[in-house]
Amino acid sequence: MIIKMKLNAKKEEIEHVIEILERRGLKVKDASGDEYSVFGVIGDTTKIDIRDIEALNGVEKVTRIQEPFKQVNRAFKSGDTVVDVRGVKIGGGNFTIMAGPCSVESRHQISEISRAVSKSGAHILRGGAYKPRTSPYSFQGMGGEGLEILKEAREETGMPIVTELMAVSLVDRFEKDVDIIQIGARNMQNYDLLKAVGRTKKPVLLKRGMSSTIEEWLMAAEYIMAGGNPNVILCERGIRTFENYTRNTLDLSAVLAVKRLSHLPVIVDPSHGTGKRWMIRDMAMAAAAVGADGLMIEVHNDPENALSDGAQSLTPEEFHETVAGVKRILTVVGKKF
Amino acid sequence: MIIKMKLNAKKEEIEHVIEILERRGLKVKDASGDEYSVFGVIGDTTKIDIRDIEALNGVEKVTRIQEPFKQVNRAFKSGDTVVDVRGVKIGGGNFTIMAGPCSVESRHQISEISRAVSKSGAHILRGGAYKPRTSPYSFQGMGGEGLEILKEAREETGMPIVTELMAVSLVDRFEKDVDIIQIGARNMQNYDLLKAVGRTKKPVLLKRGMSSTIEEWLMAAEYIMAGGNPNVILCERGIRTFENYTRNTLDLSAVLAVKRLSHLPVIVDPSHGTGKRWMIRDMAMAAAAVGADGLMIEVHNDPENALSDGAQSLTPEEFHETVAGVKRILTVVGKKF
Amino acid sequence: MIIKMKLNAKKEEIEHVIEILERRGLKVKDASGDEYSVFGVIGDTTKIDIRDIEALNGVEKVTRIQEPFKQVNRAFKSGDTVVDVRGVKIGGGNFTIMAGPCSVESRHQISEISRAVSKSGAHILRGGAYKPRTSPYSFQGMGGEGLEILKEAREETGMPIVTELMAVSLVDRFEKDVDIIQIGARNMQNYDLLKAVGRTKKPVLLKRGMSSTIEEWLMAAEYIMAGGNPNVILCERGIRTFENYTRNTLDLSAVLAVKRLSHLPVIVDPSHGTGKRWMIRDMAMAAAAVGADGLMIEVHNDPENALSDGAQSLTPEEFHETVAGVKRILTVVGKKF
Amino acid sequence: MIIKMKLNAKKEEIEHVIEILERRGLKVKDASGDEYSVFGVIGDTTKIDIRDIEALNGVEKVTRIQEPFKQVNRAFKSGDTVVDVRGVKIGGGNFTIMAGPCSVESRHQISEISRAVSKSGAHILRGGAYKPRTSPYSFQGMGGEGLEILKEAREETGMPIVTELMAVSLVDRFEKDVDIIQIGARNMQNYDLLKAVGRTKKPVLLKRGMSSTIEEWLMAAEYIMAGGNPNVILCERGIRTFENYTRNTLDLSAVLAVKRLSHLPVIVDPSHGTGKRWMIRDMAMAAAAVGADGLMIEVHNDPENALSDGAQSLTPEEFHETVAGVKRILTVVGKKF
């Protein structure tokens, strides 16, 4: 942490800042120039909020040079984290595809889609039982009945299931019933929920918030790990920018950033990332090329009549072609599929 | 709702789209040009997700021309909503100031600050008992003990209290103990929480999400109203942009937009909006000039030693000056203080 | 400037970095912690591009702590710059209003509008003779004939004129004919043009680029001042964000930032900032409340038939009311009108 | 174009809108609902600025359903545009790599780099003779001398050269000396410059502006084509977002969007897109996977001592590996290299 004092900072202000930091067990080293007083702070600064130091009189600017995250930090652990989901390995050279409809709509729908995506090579079945919808008047998901349908599909196909959790009150049920608990983009900083899944040992798929920096995203993962749950999978799903031709702007460089900063696996969701069905295959191939550990793709047997997100869902046939394209890329980048 | 078909849309596709809409009780009117088939959809389209229609074969683009929100819509209700908080009126020509520290830190701190801000003219006491913090290692608030301290301050000064709710499990306690339940920016689309406060009749202060459009913000308010709670107060607190000189970019034009689109009151939080103590007074005056219904301002008796957000907290003296400046603006714009 | 080396930076790499900096006449001070090597760089670092230092082997991150701008820097000059435009003073406690149509369309139009805005209190006449339009098929302005019309209006009303320059080849003509040369948002980093106006002594109105940080904006002003022209007036006109209810997001906190960082005057353009006629008056009042040195407002005698930007133009009557509202705010903030 | 009138629009206002449109040779079709009057406008609406129609009394919102660009539109021309640069084909199934240093620094440097990149497979040599720099105090390029050095390298290696043009006064010289004229991101809406290169027949590489929508980017290309120059190559180089871990956010979905909307070739610049040397290879491979027509990559023989952009320049060895990786991807996607 580097602290730059104001041009006209008083001697007492400078001493006060130093005293406060030393009281917290940190060492302060002078790096002042001709005009400004500047200090380097040595020690574990992860527990200090730089905004609190900026509140001190005479301080102009505080810059963090140590990452604020610990357990998710690559420096904290040698080697990649590999999350084991009922035998399906995520991370560490494996490439994993999660596929299925946006929403669980019926037993028939899930049975049909799960068999199709499984045959095409998907490893994990996705499907929303509880749906976050912008409008209170839109279909909110089948709820508990949806969970039961997903479990039956798991029985039928052997695929583990991933589905979104929105309410702390359902954590126990999800822990018992599902294989990966998804935290959606809108809840990425719902700390109550992060703490709740942190208390389980269940794999958690943490989507990046719509306007979250990479650092904030890793800090959200830190909440889960700090609670005692090391099984975190990150998911890039596009960020909100001024461009609205696409639903979001898929930030593939974030995959590279996460891989450098953290040991956690990171997958990509080109369905939400683009919002456009015809872009999904090519963006999925690009995600594989850049080094992602897997994909999450929306597939619907009847996108036209999907109760949600039909515009960004592939048909089973399109999904089949997408997997084929991705596999060809994986032979180039050398990931196990 | 306007539907534009693709250039080469087939006759069956066009008929299929029309059929689907008519099945949902809507009327379809042709507005086709020479090249493209275009339809206007007549009836209540608020329950239709435009993305679902875009999923239909042959459809190129769907544009909503009716706002998707109903109960928050100004067209839904004549006159401004005035929320009554223990006799303090918010909206409808009144100007209301909520002030207090970011976090409740001690009985002594709250007692001192609440008396100071009350004397300077604040109507409502703010203070966080449960704090959303980016880092799991930062101070997370005093919790229930903090709520008790706020209640004592209410007893002492007569000021109603507003504090942030982060967990559905605490809704009952908040309903009983506090006067306004605050939903923070990070939870603006935490639908589980929105539904929970929608089931109470307690006034709700709904902060705008960091990257929420005005429409999404009003849709979040719609969730609360749709649950049966009409007492919603909106709060603009800055949006995330590329500019990072300020913590956020305070969007004062959003106040005007909300006032035109909705009957709900809207206040402004220049503390989070700028993140800089020295900007607060002037931005507060600008918010008053633009027509906001009030302000939420962080005040701390010892910003240097605040456990959170000291950098954006005013001292009681600075707050006093800020209120004075705001009052002078209110005489110009004609709001009751 | 603070340089943080990588965790595993080699001794030679560290020495190499130090050597390079010392060769450029800078002093290097060690501020290393237990894990990372960190250096403070002392001396005039404004000529160093931090990205170049980041290119050195072993370097992880470079943080600038000194502003990269000099002549525009408040530290460079005591007191506010006051730009004198044919006797109209801009900056330093004065409040100046520039008003007129987006485009010059005819002699009659300009004559009518200029007389109206002058009567209502505007100090300077604006009007585009050369227009930057997104489409090559839209009206591109009247060109030289437009300039002549503006000069006649100046003759008639005595108001100085401001108009946008887009081509270096016209600098001489603008220098001779107009009173303030406007550099538009799209050309804020057109360095060829900035250098050209920097070689004149004519007052320059420099609009903030659509996605320019405050620092980049001040660096653009630095180009003009570095060329020898001290007469720069800054103009905040809204930035591009994800919110598209308004044409841009007017960033009023930028006025405060500029006033702290620089001695140059800064005015606000609520017409482009919002793109909505009905928002202009209130945002103009907010701009006055926050401490801007003036306003630039689009006024049209017949907005319906304006050849450009009618949607954000006030009628002369609306402009009159706007000036009245702004004047009342100015009595509160104590600016001369 | 769809026009929605206000809820309370008067009959005269509606008639007036219709009259204005009909006067411009357009047909108006009624698509009104129960509450709102809505019209579809039929005919060539590309010359109409929707903001001008929104200025009309009684109008609430205007939505364009026809793209505003014509000559760049895929609907305008069957098949892909293939730009021929001294025998090197860009677009239409070819994959083209442009490589070289950010700035031309010396004869020796260019000679060394050009031979290296040519041997590794680059088709075109890039290098900046005139440099747009944020600071007026940074190195501004070698100018004319730099152009001569590039020409010598062309002589030596046979590679065509691409370099950035910033000043209209240099158009003739560039037309004579270089093979592709680059328009940089900062000048994407410098219409004076666009018109000038539109009057030549020289291939133009048009970089996307930092905050330009895809539509604005295509409209800038339309300026060049409208001037009579069909040889436009687009270049995605990252957009400005809130995320600042990377220099920009590389928007690979824009490649897909451009390919659908336009017949023009589009290449990707991962150097500026990420600003980080270690990200370039993987993002280049992703760009190839997504279907780009080529790449522009910064290569420097001595990145440490580069006068600009060393942090994002590859060494010749790293470039060699990057080309190898890209080639493997191209065998998958089936592009000619």
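Residue numbering begins at 1 within each chain, and the chains themselves are lettered A, B, C and D in the order written.
By our rule, a contact is a pair of C-beta atoms (placed from the backbone, for glycine too) under 8 Å apart; a residue touches a chain by one contact, two chains touch by 3 or more.
Here the structure is a predicted model, which means the values were calculated and not measured.
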item: For chain B and chain D, chains touching each; value: A, C
item: Chain whose Cα centroid lies at the greatest distance from that of chain A; value: C
item: Euclidean distance of C-alpha centroids - chain C vs chain D, Å; value: 26
item: Gap in Å, rounded to a whole number, between the CA centres of chain C and chain B; value: 31
item: Residue list for chain A, restricted to those that touch at least two other chains; value: 211, 240-242, 244
item: Touch list for chain A against partner chain C, complex; value: 2, 4, 7, 27, 29-36, 38-43, 61, 63, 65-66, 75, 211, 240-242, 244
item: Parts of chain C lying in touch with chain D, wherever the complex brings them together; value: 16, 46-47, 49, 51-52, 54-57, 68, 132-138, 166-169, 186-187, 189-193, 195, 210-211, 216, 219, 222-223, 226-227, 240, 275, 277, 303-304, 306-313
item: Complex contacts: residues of chain C adjacent to chain B; value: 211, 213-215, 239, 241-246, 249-254, 256-257, 260, 273-274, 278-279, 282-283, 285-291, 325, 328-329, 331-333
